[in-house]
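The following blocks contain the structures, represented as structure tokens.
Two complexes follow with subunit A in common, the first pairing it with subunit B and the second with subunit C.
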Partner chain A sequence: MKPRVGFFDFASCEGCQLTVLNLENELLDLVELMEIVEFREISSAHGEELDIAFVEGSICRPEDVKRLRAIRARSRQLIALGACADTAGINALTSDRPVAELVREVYGDKGEAFLVAGRPRPLEAFVPVDGRVPGCPIDGGEFLTVLQALLIGRTPELPTFAVCAECKLRELPCTFERDVICLGPITRAGCNAHCIAEGDRCRGCRGMVDAPRSGPYYRILEEYGLSEEQIRDELRLYNLGGEAKK
Partner chain B sequence: MKIAVNHLARIEGHANLVIDSVRGTVRELRLEIVEAPRFFEPMLTGRHYSDVAHIAARICGICSNSHTLVSLQATEQALGIEVSEQTQSLRRLLAFGEILQSHLVQLFFMALPDYYGEASILPLVHTERALVQHALELKKLANDILRVVGGRPVHPVTPVVGGFARLPEAADLQELRRRLVRVLPDLEASVEIFGSLDYPDFERDTDCFSLRGGDDYPLFGRQLVSSGGVDCAVEDYRDVLEEYLVPWSTAKFARLQGRCFMVGPLARLRNNFDLLSPMARQVAEALGLTPDTANPYRILAARLVEVVHGVERAIHLIDELLLAGLQAEEPLPPQRHGRAVAVIEAPRGLLFHSYSYDAQGRIEQADCLIPTAQNLANIEADLRARVPELLETGREELTRQCEQLIRAYDPCISCSTHLLTIDFA
Partner chain C sequence: METRAATPLRSRPGPAETPAGTLAWYRLSRSDIDRLVRSLNSAYEVVGARCRNGRYTLDRITDPAELALEFPPRVHSPKKFLFPNWEKLFRFRLGGKIMLEAEKAAMPRVIFGMHPCDLHAVRILDDCLFEGEADSAYRAKRQATVLIGVDCEPDDYCFCTSLGTDRIDSGFDLFLHRVDDGYLARVGTLRGQQLLRRHLPELQPVDDPHLAPASKACRRSIRFPVESLAPVLGEVYDHPVWKKIGDRCIGCGSCNLLCPTCYCFNVQDRLDLNLKGGERVRTWDSCQFDQFTRVSGGSDFRPDQTDRQRHRFFRKYKYLWEKHQRTACVGCGRCSRECLAGIDNTDVLNSLFTEQATAELTPAPGVEYQPQMAELVHVEELTEREKLFRLRLPKAVDFRPGAFLQVSVFGVGEAPLTIASAPDPENREIELVVRAKGNLTRALHRLSVGAAIGVRGPFGNGFPVDEFVGRDVLLVAGGIGLVTLRSLLLTILARRQDFGRVMLLYGSRSVDAFLFRDDLKRWHLGEELDCRFAVQEFNARWGVTGGDITHLFRDLDIVPARAVAAVSGPAVMYRNVNPLLFGLGFSPDSVYLNLERHMKCGLGKCGRCQINDITVCQCGPIFPYSRIRHLREAIER
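And then the complex of A and B:
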């Protein structure tokens, strides 16, 4: 029997699910290989038991936790799709401010009465996660690799080295040479240094390599004269959400 | 009869529809937006101008290019940067790429299954293979425009404050042009499909709000108009538009001079019918659209007209760029700091970003007003008018037609949870 697969989303921009739909060349094959039983963005069908649940987005409210637990309970494997789900991603950008204050700022005083918002958290803060596809947005090719591993019963693995390595392999000029700060040195590889190849810099959307501080890369940032404070400011876009896992 | 459709499918984001009727009269009707709020304005506050568009794009994956482009424009105006003609043309091309991509996903993936009585496009992979292949080819072409110009379809990388971080290769533009020209005759197949759909018979006229193009169908612009007589500069949008909270929604609703109104393809088309490209105008006529069309189910047809217009305009833009020759340019630096409002006709309608910057180039205050927030009250008003006509048809048909109506607007709720300080009505 074909594996039964579902896609779900919580607080997110739906860009990661869209990246899956953007695999135009592979989409018809994917439909042959697996049975997509739930994908609210494109389908009104519902399924029960699932082999794989891909879940996008951060968890903010008690009702989100309940829905996530229900998905977990009926899925053999649950995969975090994208930074929002994996680390809380961009949603964690306001983590240092009390939620009540944000609600008031955005909805005014009357807002509080009916809004139950919480701090955005990654899936892992509430349920066990069997794998992840990092990035904001995810990389379509990497999604296929993870999917392939899952379909043949292997545990999907992510690169353990930093984006810098991919950048060097592609012989791209280092952004530090034009005085532009880049988080490639401490960010987990797997995107093939996409943003740097496109003329921009790395903002660390894929999350940090394991133990970035002990690696030589963290020192590169310091060597370029960045203070602890500046490094932290750079990291806050995607990488302070780690604190949200607790 | 009580009907509750939780987590409506085939729209972006989470919404419920609740209808309660007693003996032929509708007692209650609500479009509940249940998306978790994401607090984008506070996210932007304090951020450096070089990160602002990057963050703003993540309000919505499906219109991330529009958010990026309007964000860059607001920043550039606030910082006194005037970008080159080449930059403007490339950004227009990007905007058309996104309109194509977004419209095609809506038409084929979200709307069409209703008319084929299917839950999604997936069963059609087997029963209507040619149609699905046609849709995927068109969609891929739209995405390739975004790849060549913006670096990737979702969350573009190359557009930066003051210009582009990298330019497209002339050869890639030529290849895109070849494919765009080749696709034009194929679009006739789409016109046939959407021309033969059995659109429910329903009309409710409303105020149509859009930019007014100068000599071109509008994308960017400075003048807002409505069929109900609004005519104002973009800077003054807060004078005519007002946002308000309803207790059942985490997204705000909006009204234009006190009333509900429509933005998006049909509103644009009605206000700028004379500015459609020649072929798009023919298609509009073939699909029975006029400057007076008041059937919201026909927004689908208006979307298809814009697809044709977008393909034609993209070809012309590429011609202009290639003829002028692509010039390497460094992104331009800020000249001053202050406040500015920018607007773009995003796939779903008017999208406003307004920022003020401090002397360090960091955002002091941000305000974003997205198209779906503007359409929500109008969708509810349509449903209120439509539901009584359908009460006789039974629960299933009623639900189906309501969902179809909501989907015709292509509501994008992921980004309608936006937010700022406002006064309450």
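And then the complex of A and C:
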């Protein structure tokens, strides 16, 4: 009996599912080991029991909550796929403004008649989550590692150290040397410091490490001239959902 | 800039080094080196420093023009070639029958651009990884790698001159010294010799090599002998400096990952995607990471950065030194150069050494005879001849009741005075009673509040109050002997519930000679202790007993088996009181006497307070009777 795998999405850009689809060559090795029974992009089956459910996107509406709980009820393991599902991701950028104000701004005066929206929350706020593939978008290699672990019945483990370590292993220059703030010191590793390698900085899309050294790190940011409010803004892009969760 | 020559470290050649029969030198031009690289590429993977995007890195070199031989220390260490991250230990095949596949031989490789400190680092890796059962994965790469050294210029973070790692005489196959018109190549091993003969066969040895002595200067330095590192750390396991740097550490692991001698690793399995096989891999790890010391069940033996940073220092400078007589640090500065938190090894080590050196400084000669200055804050007349003085000391002192101070009036001298107040480790004020009978004591009587007084001490061994706990206490005071017992009595009253009945027998010449009369009245009228008084010059005032203190022992209601007696007074009193105490049933172990003598130095040196073989100022002045009964000079004949 092959494990039955489903992919679901909520509020997101669906970039993580596209990353999965881009792994078509690698997936050929694994497709014999599993049965993909639900993937909106490529399949139309519904309602069956699942061994693994990959859920992308954050939860905003009451019907989303209902649907998510239904997925949870029929899935042996539920995996948060991507930052939107894991920490609410950039969807949580809206968390400092009233929802009604946002609806009016986007949809005009008639918006409230059509849309009953809430604050974007991660999956974990509503159902138990068995595992996660962090990132925005996810890293294809890490997804394969997690999927493989699930298929053989092993608990997937994410790195417990920070992106900083991967940066050093790749011999990349530190962005702080050019006075650019980077969230690598408190962000979970696993992406191989991809953004720094491409000339950008870490923005924390993978969420924080389990025990971030926030105190000494904020002290360093203050030495680089950031105010408390600016530090909070830096973290809001991907991690406020996590803070709201706590 | 500071520069100093450290003690040369012991040479410990690795297995790949075979000393050449004769040390040979060759002169090479840059074009010779280019040809060498091109030729080597046919048989070796050639690695060297090259500049990419303004940054030097050790990398594969196929075009000799890319090879840089003069480059700054800021380059990741050659460790990644000898002990790589993600090293495959072996492959396994799954299916019905599990099969293991041996790893293939290591790639022959030449590393140009080994700075002296990195060559020393290879020695340290050899020590650690060849100890006991050799790590064969490391050994294979080590033996397959040719090491070619080049000189360097230290930058702001280097401190190799402190550790002797700025120079090296062996441990390389070739070393290229920069000279005016090219390079002077020094052969370190037979392999290096053969390399030149095979790839540059036309080269001829230089008969008389002239190499200017290289002098390097580092801005940072360890300002004490490297051999002191392990002993210094041996004293500071619980030092607050670890919390100080631990609170700054962000736990990124850069210090370990960049270090040329750190080799701690993790081992894990990686499966092929098709699950038909996989490999066991070794990856670098860091003692700064959360999972490094975490065990099943969630316990963590070094749970925070304070513990982890301490461990990093101890391993580098103490644990591995003790194993290999070589510090595991080569002063390359990579850890502090890349530390976002600014933790600097030299700052930490220098501050620890300085602190210990300061603590061990020999004080100036005679310092133990110099008094501290105390302020006179209160003077009170007790009797016609005695005054109470309260002094504020430079800092609070701890002592047992019965201890004394040596008090100075400059120009007059110094005298021992028993402390009359109770010990209070947080109180800088202390009380003394001064009887005017000599030059110094009369000079003290003339002082006013605010005067400065010299004070040494406290000295002496007082009453062991903890041995009185739970027992009845009989205090026998004669005349000025009450001063000593007041200190003891106040100590007892401060923790009254710890003791049984407390009785004070006080004898004096006359009522007017009673000390602390206000205290005596309060104690007598209170319920905390039982007081009896006697005077030799009988007087109807106070209603006290006439006669000497022995009269107070009549009808004494006490159970000696559960009591202790403290006696303080003139020596003549002991001849009469002691037999009464023993007659009541007191044992010699539970009778304590004050044997104050003429103490001059307080340090057991001047000999004036000596009683047979003991000095009162050190062993006393408070003695259990059992300790002194054999001393014929203890009690006045």
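The rule is short, and it goes like this: the second predicted complex is superposed on the first by the 231 of 246 C-alpha atoms of A that agree within 3 Å, B and C clash if a C-alpha of one lies under 4 Å from a C-alpha of the other, contacts with A are read in each partner's own complex, and residues count from 1 in each chain.
As a working rule, a residue touches a chain if its C-beta (ideal position, glycine included) is under 8 Å from a C-beta of that chain, and two chains touch if they have at least 3 such contacts.
Because the structure is a prediction, the values reported are computed rather than measured.
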| item | value |
| --- | --- |
| Room on subunit A for both subunit B and subunit C (clash or fit) | fit |
| Per-residue contact with subunit A, leading partner among subunit C and subunit B | B |
| Inter-chain angle, subunit B to subunit C through the CA centre of subunit A, in degrees rounded to a multiple of 10 | 140 |
| Subunit B versus subunit C as contact partner of A:N22, first or second or both or neither | first |
| Contacts of A:A11 with subunit B and subunit C, given as first, second, both or neither | first |
| First, second, both or neither for A:S227, with subunit B first and subunit C second | neither |
| Which of subunit B and subunit C A:D210 touches, first, second, both or neither | second |
| Which of subunit B and subunit C A:R61 touches, first, second, both or neither | first |
| Partner chain(s) touched by A:L169 [first = subunit B, second = subunit C, both, neither] | second |
| Contacts of A:F161 with subunit B and subunit C, given as first, second, both or neither | second |
| Overlay on shared chain A, then closest C-alpha pair between subunit B and subunit C (Å) | 10 |
| Where subunit A meets both subunit C and subunit B, residue numbers | none |
| Subunit B - residues contacting subunit A, complex | 7, 9-13, 35-39, 41-43, 51, 54-55, 58-62, 64, 105, 109-110, 113, 119-122, 125, 132-133, 136-137, 139-140, 143, 151-155, 157-158, 160, 164-166, 245, 247, 250, 252, 403, 414-415, 419-424 |
| Contact set on subunit A toward subunit C in their complex | 26, 29-30, 32-33, 144, 148, 151-152, 160-162, 164-165, 168-169, 171, 173-174, 176, 184-186, 209-211, 213, 215-217, 219-220 |
| Interface residues, subunit A side, partner subunit B - complex | 9-19, 21-22, 24-25, 27-28, 31, 36, 39-45, 58, 60-61, 64, 90-91, 93-94, 97, 102-103, 105-108, 110-111, 113-115, 117, 120, 136-137, 194-195, 198-200, 203, 237 |
| Touching residues (chain side subunit C, partner subunit A) in the complex | 55, 57, 76, 85, 247-254, 257-258, 271-275, 284, 286, 289-291, 305, 338, 340-341 |
